[in-house]
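Look at the two complexes coming up: chain A is in both, with chain B in one and chain C in the other.
Let's turn to the complex of A and B:
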């Protein structure tokens, strides 16, 4: 069942850098639902031609449910979501959001938390830090960014958490040596990565090199679906055919035609939207289904039919 | 890895049938009885590895392990592997210490030597050692127990439940 939506008001918009904006979302009345560190919400954005659904990490303190805060980086190749957030949303506007869900919670049995953030990937960790401080957890934060562009929050972090903070500004050629970092951790450490794909790959590469168990590595893909080529989809049971354009995801196309599919992350990681397909050449882009599962299922939030092809879904 | 039984409950422990070939940073082996054939085979294999530490004839009681070993388990770098070699009581006693130190299941190989295991009575909470028997009388409450395959990692014990619903109390066992 789809979660019920919550109406909120944008009560504060703060430009943090040239490309990063922070939004405070307040309830129309009372308090918002509680959440745990690492949670995200989906925003439904009424852009000019369609309602876009975008997932953003909550960066505020989980103890504070009087409002939620999120931060959005303007993406150069925005499909409309980040551009709408930067150019179409002002204080006083109303939005619909989903209640928070969590796909990136800290491991409760870890003895040390090693957080690695790249740019806007800092957001989920901001909600971790408040909780870690309260619970006196052992942690360290490694934050890589481009100074003046993606270094939102670095000043606040330096003030509040200087002893645990390590920063790397690419403008100053400061590099994070992941191999060295991961080779020096004792059993009980879990690593968390949030940032660009290449950062996650580098962490996974260094972890593999140092024989880390995959169960110690946690990551969040904060990027949404990448565009692709147009293709056709047939819904076998509904006896319907849809055209999916190059700049929309299969999930968006299904939703636009009135087919609701349960979903949480819209980024290929949670597995909620996995749908059985009957035939077709699928470009699997998720990080959830096993290879065996991918022969029968696809995740419409990110995966697509191959260019110009036709896929048949069991819907 | 080969397993002992294909039709097992999800909670039932998996013991290695052979010693796996491992490409890890540090290999720690904790051995209950150095004279057991499996232990001898393990030691001869791990001694050939560059970063191997072997603890033999380890002193232990339920959940209480030699403090120096506990310290070693906490300071090991991530990327290491642990082999626990002994009977099931020994293995799960060590597992509990390793788990608290932060070791994960996929970083441990469990090499069972003897059929000595713990049974937890769900009626009174008593934990007692048993071997392969399927029916046991609880040492504490005297209820006749059926030994289930269901296993608790936290308790390091199999589950014992009342065998005969018509005889739910101990003391009147014929």
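Let's turn to the complex of A and C:
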């Protein structure tokens, strides 16, 4: 399903540390769609050579839909996303964003929420805290950072949530002992981690070692989601070639060229759009076809040709 | 085109419920083909034609006042048909906000919502209600927020918590279910509450449906149709009141079929609740007696074939077996036996 884009204006840019900037995004009119704690949006960044799609967690209070706030860390080897955000974007600029979606929601059955943030990974938890406070939920936040570099929100957090906050500044050689932290929790506790890949691995390792069931361990997953890549498709019987761009589905490309394919869910589950292909490396993303069927059929609403490849459809 | 409400009709005792010809024309006839089998028949809920049941997210029709009155009767006897577990409080407010904003913008002649920060005023002209309240503060409403708003809307509601890769029935208002019960299903997950359904599990229908539902995004609702049959226009066929309606199946005769037997279609609509990330599942039930249905001969023709060829397991599950043969016989005269019926 393609989500319709929303146009927003950058109404405030705040430099929080040398490498972290916060952006306030406001609607052109009215309010923005509501969102839940842990939600992210995708920004479409018009960099000089192409439109980059980048996902960022919303860090503002879900009760406030007058604007969204996100924070971006400048990555040293940035291929353009964070560099553009830091150098190419200023107050008054307009951007397109997707409506919020959530792959990192707090688990309502948890009796205690254990939040572990590394550096810029603090952002989704900022949207948790407002809601947790209001609902009097039991939680604690462990925040590891490098003082003066990635400690963007530590002052605010100390003021508002000091009793629940534990900080670890690597400049001061303060270490977060995950093994000890996770060995001291009751079975009603859920752990949430957001930050560098190695922090996530350490948390998973410590949790496994202490016999936590996987359903109690949560991490922000959107960073791993594969974006679409452009590819070519040939329609064997119609004798036609189409270019499928990175931001459209194969189904949409077929429709745009006047080829009607039966479809219903547009999300890879109903089975309606199954199409036979004759050649090509297919990136199957559906939940309908069996592995055996996938050698002959693909679901164009979600599946694509591998990057830069060409697939031939029996159409 | 404004909705006009019928004088109060009943869904019990003397069963005065009837459809006007306008309601018959917009009835969501559920069969795209001459045969029926379970499938993942879910589609994006795009805005439908003006006047159709698909025009708005929440369809209000001529039976509005009658259905609201029926819900009140059920709740009077059995207040537990509305359930909100403590962790669903935010989702209950979310539901109230979603319903109020859509009703007010889709039916401005009947519903008005005025908001200033968390100070809200809700006006329901159809029921002559006016309520000023503080959003998020349940003490400023006459009852719990999900109950408050769903007492003023047609259709049942299940509010699903999403966690552990599943959906959990942790809140709802269910006064007119087709032979199930919110009390029994409370706290169950998607796989558990669907356990009684035959065949579909093996076909993989539920695994695929669940995946799809968990990905529903804010402002991208989806819908599907489901169907069964009910003897008499009885909305409340909840499992726990089976003793009140189960025996009516044996009262069907070839003389009274047209008045007694109803096709019951559920327009199921699923929307992500923005603030709580819960999922709203609304079940808007449409009833049509076979006399009314037969005013559209192509529907009668198609229903004839569907019922005739329906697998026994499905007919048993839907509770049709006792009177299916009678109905098939009654519908036969509408089937010219051409290759396919010409219903849309």
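One rule holds for everything that comes next: the second predicted complex is superposed on the first by the 220 of 315 C-alpha atoms of A that agree within 3 Å, B and C clash if a C-alpha of one lies under 4 Å from a C-alpha of the other, contacts with A are read in each partner's own complex, and residues count from 1 in each chain.
Going forward, a residue touches a chain if its C-beta (ideal position, glycine included) is under 8 Å from a C-beta of that chain, and two chains touch if they have at least 3 such contacts.
All figures in this text were calculated on a predicted structure; none of them were measured in a lab.
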| item | value |
| --- | --- |
| Partner chain in contact with A:239 - chain B first, chain C second, else both or neither | neither |
| Partner chain in contact with A:62 - chain B first, chain C second, else both or neither | second |
| Chain B versus chain C as contact partner of A:109, first or second or both or neither | both |
| Chain B versus chain C as contact partner of A:135, first or second or both or neither | second |
| Contacts of A:188 with chain B and chain C, given as first, second, both or neither | first |
| Partner chain(s) touched by A:162 [first = chain B, second = chain C, both, neither] | neither |
| Partner chain in contact with A:210 - chain B first, chain C second, else both or neither | first |
| Chain B versus chain C as contact partner of A:48, first or second or both or neither | neither |
| Comparing the two partners chain B and chain C, which touches a greater set of residues in chain A | C |
| Where chain A meets both chain C and chain B, residue numbers | 109, 215 |
| Touch list for chain A against partner chain B, complex | 109-111, 182-189, 210-216 |
| Residues of chain A touching chain C in the complex | 1, 3-4, 33-39, 62-63, 99-102, 105, 107-109, 131, 135, 215, 264-267, 269-271, 287-288 |
| Chain B residues touching chain A - in the complex, by the definition given at the top | 23-25, 73-80, 99, 101-104, 106-107 |
| Chain A-touching residues of chain C, taken from the complex the two chains share | 39-44, 87-90, 94, 97, 161-165, 170, 207-209, 211-212, 215, 217-220, 222, 274-277 |
